[in-house]
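Here the structure is laid out as structure tokens; the discussion comes afterwards.
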Amino acid sequence: MGRPDAVAVGDPLIMAGKTWRSRLIVGTGKYKDFAETRAAIDASGAEIITVAIRRTNIGQNANEPSLLDVLPPSQFTILPNTAGCYTADDAVRTLRLARELLDGHALVKLEVLGDAESLYPNMPETIAAAKTLVAEGFQVMVYCNDDPIVAKQLEEIGCIAVMPLASLIGSGMGILNPWNLQIILDRVNVPVLVDAGIGTASDAAIAMELGCDGVLMNTAIAKARDPVMMAGAMKKAVEAGREAFLAGRMAKKIYQAQASSPTDGIIAPRKS
Amino acid sequence: MGRPDAVAVGDPLIMAGKTWRSRLIVGTGKYKDFAETRAAIDASGAEIITVAIRRTNIGQNANEPSLLDVLPPSQFTILPNTAGCYTADDAVRTLRLARELLDGHALVKLEVLGDAESLYPNMPETIAAAKTLVAEGFQVMVYCNDDPIVAKQLEEIGCIAVMPLASLIGSGMGILNPWNLQIILDRVNVPVLVDAGIGTASDAAIAMELGCDGVLMNTAIAKARDPVMMAGAMKKAVEAGREAFLAGRMAKKIYQAQASSPTDGIIAPRKS
Amino acid sequence: MGRPDAVAVGDPLIMAGKTWRSRLIVGTGKYKDFAETRAAIDASGAEIITVAIRRTNIGQNANEPSLLDVLPPSQFTILPNTAGCYTADDAVRTLRLARELLDGHALVKLEVLGDAESLYPNMPETIAAAKTLVAEGFQVMVYCNDDPIVAKQLEEIGCIAVMPLASLIGSGMGILNPWNLQIILDRVNVPVLVDAGIGTASDAAIAMELGCDGVLMNTAIAKARDPVMMAGAMKKAVEAGREAFLAGRMAKKIYQAQASSPTDGIIAPRKS
Amino acid sequence: MGRPDAVAVGDPLIMAGKTWRSRLIVGTGKYKDFAETRAAIDASGAEIITVAIRRTNIGQNANEPSLLDVLPPSQFTILPNTAGCYTADDAVRTLRLARELLDGHALVKLEVLGDAESLYPNMPETIAAAKTLVAEGFQVMVYCNDDPIVAKQLEEIGCIAVMPLASLIGSGMGILNPWNLQIILDRVNVPVLVDAGIGTASDAAIAMELGCDGVLMNTAIAKARDPVMMAGAMKKAVEAGREAFLAGRMAKKIYQAQASSPTDGIIAPRKS
Amino acid sequence: MIAITLNGESRQFASPPTIAQLVEQLELAGKRIAIERNGEIVPRSRYPELKVADGDALEVVIAVGGG
Amino acid sequence: MIAITLNGESRQFASPPTIAQLVEQLELAGKRIAIERNGEIVPRSRYPELKVADGDALEVVIAVGGG
Amino acid sequence: MIAITLNGESRQFASPPTIAQLVEQLELAGKRIAIERNGEIVPRSRYPELKVADGDALEVVIAVGGG
Amino acid sequence: MIAITLNGESRQFASPPTIAQLVEQLELAGKRIAIERNGEIVPRSRYPELKVADGDALEVVIAVGGG
């Protein structure tokens, strides 16, 4: 390529004092097997990956490999989430377990869901959990609705990143309300990452072009017909959207277009 | 990156029997100077570049470098266009001059405009010009409206690619009617490239995700605040959109989302 | 209602020197039976109704009532169309038959389709038919694509109204490209009616708010669960959209909203 | 008109045990003068009108007419709001004053804003205020964001209607996220009215077509070039949208359109 | 004995009828119809005098519901 | 001599008036108003008897146009 | 004889094992797990000394794929 | 003395030059150009032999930046 890309010239994502070259965070669920999971995550270039915390199946497959064998904390920043939690209390307990599991790791993704059908976040419970977790020293990246007032409140509580949804988890509907994201970006100083709802590459590019600091996705990659190829597409889409944002797009003009070719020097119409 | 990208694994754009690695065609107008033009085109990775044909300024700056010194036919496929032509006759004469200028080069971009304010194509004149040019052995890539019946007719006339507009030339409005593009893609067998109207990276990705074979743009790169960075963004966006199309996106579900994390093994809610 | 509506204060649709109180033109196809057809058309308030011209079923049901018994030319302006015609010649012959059938009636709807799957108009054939029909003294309302250059050409040929599609016939997709309609409205002086693609009441309102002079629809009413109620909804929607256009909508402001309630005189926050 | 409209056949808006013929609630702010206010409200057909509660200008214009002289409670249901309140406490105090002012009137509109620039609601404060007001016997219609979980919670608290925003107050941006409104409508049993953001007639129609029980607006009417005509347009648009919802719209088909005219009986193409 | 094509179907007649007689036979008298013969309109006024000829292609049409 | 805050502005009185007298002075008698004293509603029925006290914060409100 | 709830299932033991012994039994030794007892985290360092008690509710968790 | 139109401007010559001589005069020799005379292309190979004639309309073009 004719130029060093934005990443190489130094445009890192900075959260909680750490820097990352990739602005794409990916989940590890819904894959066919661990091999596909690993291949897709490698193709995505993600440095941060989310994991869920679940009960062991007592006495079963004690010797099967575990997720963290395939995706070791030595190679990736593991971001434990609270998927499946519907109360502040369950979310807090889950992340305390995660911290113990990961040897004191503090960076976590908080999500408290409202109901199992929509998987829409329950913001009052999320706010309550965020207060507790911040007080306990967690570095909280918080999944939230696209309410700019709530997003600002989560920043004030001490969350290190706010992650509004683009659309419902697993819906692949893309960014349903870019205006709310814009208002959030105008108000919030911590990183804003779009989480949930991304369906294809252009959705990720649009999120970045709005000025978001990153994108988190899982289903869009895992449930593509070719997850590994889609992971590569998402990597490029996030970089393309970020670079387009930094490059400053042309103005939109519904009308009064100006030709890309000069308008003088046209050859003379032939006399008929 | 964890995987060879779609280009490397072999997904070339094939037109008129030739193959190209890049699916991004860029114009050479509206840049600050030739240096910026060259840097942006290098960053875009484009192999085909469009040029306009204009009268020389008699007796002026005889020694200044010319566009084709900066962008030599030995390094790029030069695609002469008929920008500024409002009749079939002027377009045909312009391309005959272009063929002579380029030593018999047959690959051309035909555009016949309807008026200077909208720059919307005049399809009846375009159809007439296409018939003449095909008869004279030109390989015609034709700029057209997004009418699927006309697009099919242009294919039947013998155009080697149809290039419907996304929106008005220079407007940067993006793809205003993806449904028409879809109908064209369902009917036309020659390559379909979106030409005109692309404003930012996600627009290009969307065009490719629809299944288009390529994208042609000029203003979106030349009139970005940083044309070279935007050119790199467009390269990635076109590749991302193409790979997303090939990878097969997840299904959209307005509702009934399925969680990305397993729903069993959730820890027990604490008795209160 | 607190005020005479726009119709009553005099805002007629004027075409070919005649005036109509209703800006809604409705088709007569796809209904359960003639009774439903009549009830829906009455509810719509339409004064102009379209009919198709077809071969009689020789020797069959000679005594069954015919459409024009139920919707007599004495009560409605009958607008014969050329639905089902794929060539200029068939369309011209069909309308000559219609003129004879309707005792020299000159007002007709010209449509020449491109293919049976999309029902998208074939504009080159439509243009050819329009020239012949205008020369033969027909008052041609022409169904067309949303190409502003072609729309202008149809006006110059002498068509008394241009009727661009909102989306494919029978699709109910609504207005897919309002920008093209806007460009047509900016250029064309004869009445512009949106024809085809309207799916529900708001689609009709949007068309009128853009400044269109009227709307033509069939499926949206006939294939609603309750066609008669939908017909009434469409009558109100067309009037609402027209009045909103005439009333001049408020400016859109993505941001910096101004409260609808005064910002002074707020009671004092209580000291805590 | 050919049929009694939906209102006449009995489709009242029922809230808190009362029924209203009109589903359009209008504000009384931003008008040129009281005469325009009254004329527009009459044209709108609204039975419920919102008012703000403000300090009297001590000692000034003691004899000028007051809003409630022009719009007496004997003719309209007065809906006092809490516009300008940024805390639960101020909102509660304002509505207690309103109840006293209106002789014990219990039906109120609660809104607690997040900041003066966006006027986006502060949902945590709104929830707190709603609990207090319901406990004090108010019938609370609550302005809220479009979060379906919060909307359900407000219903459970005992609000008699939830009123999610279409877009920012005074923005006229229309319905930015119809999907969230749909999810709310799927979950909430009390009436759902769209409040804030309506800009023109079609916006109101769309809200009703989604299945909303009503629409509340102020700026779209008051700041139209002709507020009285726009008020009439809004009346028709709300009725049109409601009737379209009840009538059951046709299915959308991106493709495979079916002609509205019969496809048999076409005259034979002429032998050439 | 003559043969014509009527709305795409073949018909024989011992002796060529006038258009008016043909319309009568088809029980279309008094109905709103229009007739094309060999691609040309046949004005209603001429039904009584005009006879169909061997090989004629006739189209007899009415108005039906359409959009 | 007492001082109160009335709609945010300071007011002095030689002797504390009743709410009713205050409303009279403000020429608001018979108008649709409501009054809050120190954060609590003052029922209209009690205007005649209730006297304002030194340091009272009063809010006197009416209904105005609003959305 | 004691009974505990382990990941929602009931378990009996003749004599209360230490957490470490329990982990051994479950063949989870050396694996990345975390344990909550009656709503409180059990630090790994205390597995050897801590004994489970009758009625304890234990949750033993691992990391799995999630979004 | 002859007159031609060159890119829309009038030019006189004492005696008609060849196209090659004209290109030389214009300092365009060796540059990528193309020439149309009276609506017809002039092949580069014929520049040396072809003379411009009185009333000729010539267009001399180059490639420039365009979209």
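Labels A, B, C, D, E, F, G and H are assigned to the chains in the order they are written; within every chain, residues are numbered from 1.
Please note the rule applied: contacts are C-beta pairs under 8 Å (C-beta built on N, C-alpha and C of every residue); 3 or more make two chains touch, one makes a residue touch a chain.
From a predicted model like this one, the values you see are computed outputs, not experimental measurements.
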Shared chain contacts [subunit D and subunit H, defined touch]: A, B
Minimum number of chain-to-chain contact steps, subunit B to subunit F: 2
Approximate Å spacing (C-alpha centroids) for the pair subunit B, subunit E: 56
Approximate Å spacing (C-alpha centroids) for the pair subunit A, subunit B: 30
Junction residues of subunit D - those touching two or more other chains: 27, 29-30, 52-55, 81, 83, 93, 97, 118, 168-170, 173, 179, 183, 218-219, 222, 254-255, 259-262, 265, 267, 270
Contacts with 2+ other chains: residues of subunit H: 8, 36, 39, 59, 61, 64-67
Full enumeration of touching chain pairs: A-B, A-C, A-D, A-G, A-H, B-C, B-D, B-G, B-H, C-D, C-E, C-F, D-E, D-F
Residues of subunit B defined as touching subunit G within the complex: 259-262, 265, 267-268, 270
Touch list for subunit D against partner subunit B, complex: 179, 182-183, 254-255
Footprint of subunit D on subunit F - complex, ascending: 6-9, 26-28, 31-36, 39, 41-44, 59-67
Residues of subunit D defined as touching subunit C within the complex: 1-3, 5-6, 27, 29-30, 39, 41-45, 52-55, 57, 81, 83-85, 87, 89-90, 93-94, 97, 116-119, 168-173, 199-202, 205-206, 209, 218-220, 222-237, 239-244, 246-267, 269-270
Residue ranges of subunit G touching subunit B (in the complex, touch as defined): 8, 36, 39, 57, 59, 61, 64-67
